[in-house]
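The block underneath contains the structure these notes are about, expressed in structure tokens.
Note that the chains take the letters A, B, C and D in the order they are written out, and that residue 1 is the start of every chain.
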């Protein structure tokens, strides 16, 4: 099986997300990392790329050079990951899609709804894949929840309760720390802080698991640390297109919570609870029955769970394998495009540009609602 | 130490809350259960009372008879517990307070704000104690959380996140079950279902622990089971008088959750997490520090925790002991009134009529907000 | 229903176990605490007894006086609880049994096997009940485990794994602390420390749940703190009369463990796990099935669990209610003796003198085995 | 950085451990998988190797061919992983070491103590590295425990309590299942079943964390399913070279336990608890202090923990990253041999041939002890 040529923009030395992508891409051995523009400091970026095994002539100074350098190569990259600062996602993703490259874009896909709509259009027009890295959807048991919903185990979904609440921005004395401060400054971060950064994952997961989109919402944003312009705590109530009610809490001041991505799904026929920090167990309670512990790796689980699980039951899997599932699904899609036949894509479950668009529309709706004392706002893009 | 003469109205055979009160009152041996009007069926109520050890002449047919019978006795009851259907709390509590009896009233204290204000006035005027049975405040670690807030361990409180979400009314086929149905019928239950029944406990606990009241709120109510007039799921955002932000979720359709009363308190200097179903552990994370597990019974805890704890560390205590703390605090207050001196009431931490009033005002505000698409409503009575 | 006259020997001011007994006896309101000899300091004991409501003429200076004082009264106590230092259990229990009093004796019932055999004989001869306070057997879910074994849910029991390991005697600098030191001094504590004090509970629970006795055993004792003569950590392997294999660990140096009584039972058809510190949940895994969480208070549980449970599902119950179950079962037995008819004793599950004897025989066998490098020793008395 | 040429013997299609090794080796991108003899069926093995990217001329029919083929190539593999059936580990490992290849051998390293001693000798003589895949030692928090012991946080270690107990061989009706049966047949499995297969990991982890070896031991083996010749449940008490006491339980009939590798370490100054199934949290209790939750990824942890951690705090890591740490440490060692200078190997923490030898000696000692009713047996090789 030929490896897929892959490149990366952003994610240089010191980045958190860069190594996570490279790890995810390496895990199943499907990608050849052969082009990169990793850093705003061109020289630093090139050196780092070479140290990671990228050929020197494909270690580019910036994404423009990379686009030019790659687009006419016979062995050009098939997939590019965009892990640059948020405000640049749009132009880079757009440019690569327009040149027929498949893209995996970090979230948020764009800074505005209009940009996101443009990305969706371009992806449709060119046929280039644009996936968005809502990486938690890659967990085996997240996929199993989705499969349970699809096959009707829960009946109609009544309620989704989701959280992404951590406490790492709770230190008021830290307000001048540049690593934290920019996140609460609209000039650097855009219209929203914790909702756009963390809450968006919880929101996407709610959509991913239920198969429904956010229809309208009402939000309450607060800045618990007074000097912040943007919110460090947010509560969003929403209604989904399939009738489910949603409740989402996101916080950066919840001292003692490490990460806090959780989802609970309640339907007519049962309820599910899952916690990203203990991702190998899923709690399932059938209506009028006892709570059961579903273990990742259990051979009786859905094909979606099995195909996204690598080690045997009782051996923990973690976030890097969730990322690996994103990359491996992308490889499957890319191959099905190239080879045209016989590639089974039925288990692929990838957040795509449309999900990027929907999530940004929800963030904007939340910002508007919060500015209007929680008025209900249409969240459809 | 002389026992306190105690009587009970409501809580007859088959009642859930009746045995819990009798258990709570017995645990420290401070009460002599000697008068009762336990049942709407006078004969049944009398027989049951006698079977519980109440003298036959003080096993009354109804509360009117009990009031008449007791008020002129030299050995009349000092405290009466009111555990009748909600709609009768007001008149009974009022009548007993007016005759100088101390009252422990089940929640909700009344059906309207005006009634609650009246109870507060009467209690003030007569000097009779009116406590409200927000029994979860009796847990040793609930009291320790409150003590930590008071002594400043958390600094200013930024955020309170609380839940009371169970799944025992999730069966749509159960809609005609009379034990469940009345709760969602405004004619029987009043203006609110799950918020007034369960959410009110979470709300009171938030006030109890933080020492703040609800100032204003915004609510989202839904009936996940369509045939219900009243809400079976509620989300309330609120602002507290001391500046804290509050978020409260209450549900009766969260299949798999048994009870679900939890509270998380986040301040400038640390965060707390406590779960009523595992009440002997409290999770405390100081800012920039590690999460510590605080065990009930630890001798280094606050006096408030120590004095409300009965068995040694590592031996579980449960809800009956929380109720016992309510009763024992009441005994302390009653004695301090009677004996006039030297009774240390400094550890008493009892929800009183004013808390009953505040909580009802919040429920009404939530109902109004929910009917106005989440408009922010003043919650002060 | 007439209350049972009850007295107590030992358990004076400052005692841990004394209040736990009084609490357990009060919870269901079945006992009238009317006679006591609480303290080695006669005056202190009398005063304390009176402060607890014991009539002054029945607040005795010592157990001899109490026996004399009670034995000819028409309203003499029916049950006496013996909570004195271990070395006195035998003579007191013996004397009261011989005079026809029912006894609840703290563990260990006696200091020697011969004494324990004598107690069993006297109890049989006189017909006086002698129960031993293996109080953890009173937990609702402990009884449910036993019921599950009896009704065959697990099939033949293969293996019992049990622990009672805490860390409160781990401080070597504490070696001179008199509250700790005596426990490791054979002159004060007898032949065994942590095994006789803690391990014995785990051992009894294994027998209680499986319905089997210890047949033979092999023990490894160590004193992790070198200055101790008796063991502060013990491991015992055993074989049970019904074919089960047993493994028991007990420790007093396991820093971080608060109490640590746990039991796991593995049979042909499923496995159970229960932890005393979270006593309201029981984990049950049927062979080839998923783990289910059994909640105390679930109405579908065994009659044995239901009848020993007081509050509704989701509301924690703790150790005092386990003790209450011991007392209430005793009341049922006593009444069935007195009233001769129609008292249903089928749910009574009380450790009796024979269990006290068996557990002491096991402790002696463990001591002998440990002194012989783990040689297998017959543990039957 | 040049990649290390790497080959694999065994671990063909359908194998559990094969993919885990390839995954571990890929994660940090340090290895070039370029030679293989994966299957007893030569053709199947070759095809599978090629499908995994191994060049056709280095996809060998068997290990003999591979040794011949590789040993004279200028680009010969530097490391070979041996993941064949246990009985072949010795001859293969021996042959490759003798030809100067570094080896990562699956456990157990050999079938006999003598063979293991021979491997140690050859490794020493040739200078070729022989590591043994006790993969759980690769977890970041396992390494942090070891670092805490080394730096004295616990003081002298008193007690190690470890378990590896699962329930996947508990079905008696499965006794003829060939995937299970061979494990309990001495002709196929050797002298021990669950102890050699699972318990050995717990034993190694106890040694890894404490830095001590097993000095002598006493074992109790049972076959809970009667038709088995070898043990399916084992308890081993041991004494370590540094004075610690050890207790190890291993089982294959513990229905409801998925894997069950846990370790608790108790020292003079504190206690640690860690569970492989929730590997991102470590519970630490300092003497006389509160239990703290140590999170993987916390930047304040030991260098050993930091360097073996890849994703940020709150994002789960699992077993594949533990394996990756084994491979990456091996790469560091190999490079330090090749490049001779400046490679920091101070954080390398790899179980080596000596650990393979020690663990086998312990298994043999346990078998002997079990056959002699638990007699204490010298466990030093």
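Note that in this section a residue touches a chain if its C-beta (ideal position, glycine included) is under 8 Å from a C-beta of that chain, and two chains touch if they have at least 3 such contacts.
Predicted model only: the values in this text are computed from it and were never measured.
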item	value
Chain labels contacting subunit B and also subunit C	A, D
A-C or A-B - the one linked by more C-beta pairs in contact	A-B
Separation of subunit A from subunit D, taking each centre as the mean of its C-alpha atoms, in whole Å	35
Chain centre separation in whole Å, for subunit C relative to subunit A (CA means)	55
Centre-to-centre distance between subunit B and subunit A (centres being mean Cα positions), rounded to whole Å	43
Per-residue overlap in subunit C, given as positions that touch at least 2 other chains	291, 295
Touching residues (chain side subunit C, partner subunit A) in the complex	290-295, 298
Subunit A to subunit D touching residues, read off their complex	1, 3, 16, 19-20, 22-23, 26-29, 33, 51-53, 166, 258-260, 276-280, 295, 310-321
Parts of subunit A lying in touch with subunit B, wherever the complex brings them together	158-159, 161, 165, 167, 170-172, 218, 220, 222, 224, 233, 235, 237, 245, 247, 249, 251, 253-257, 264, 266-268, 270-273, 283-288, 291, 373-376
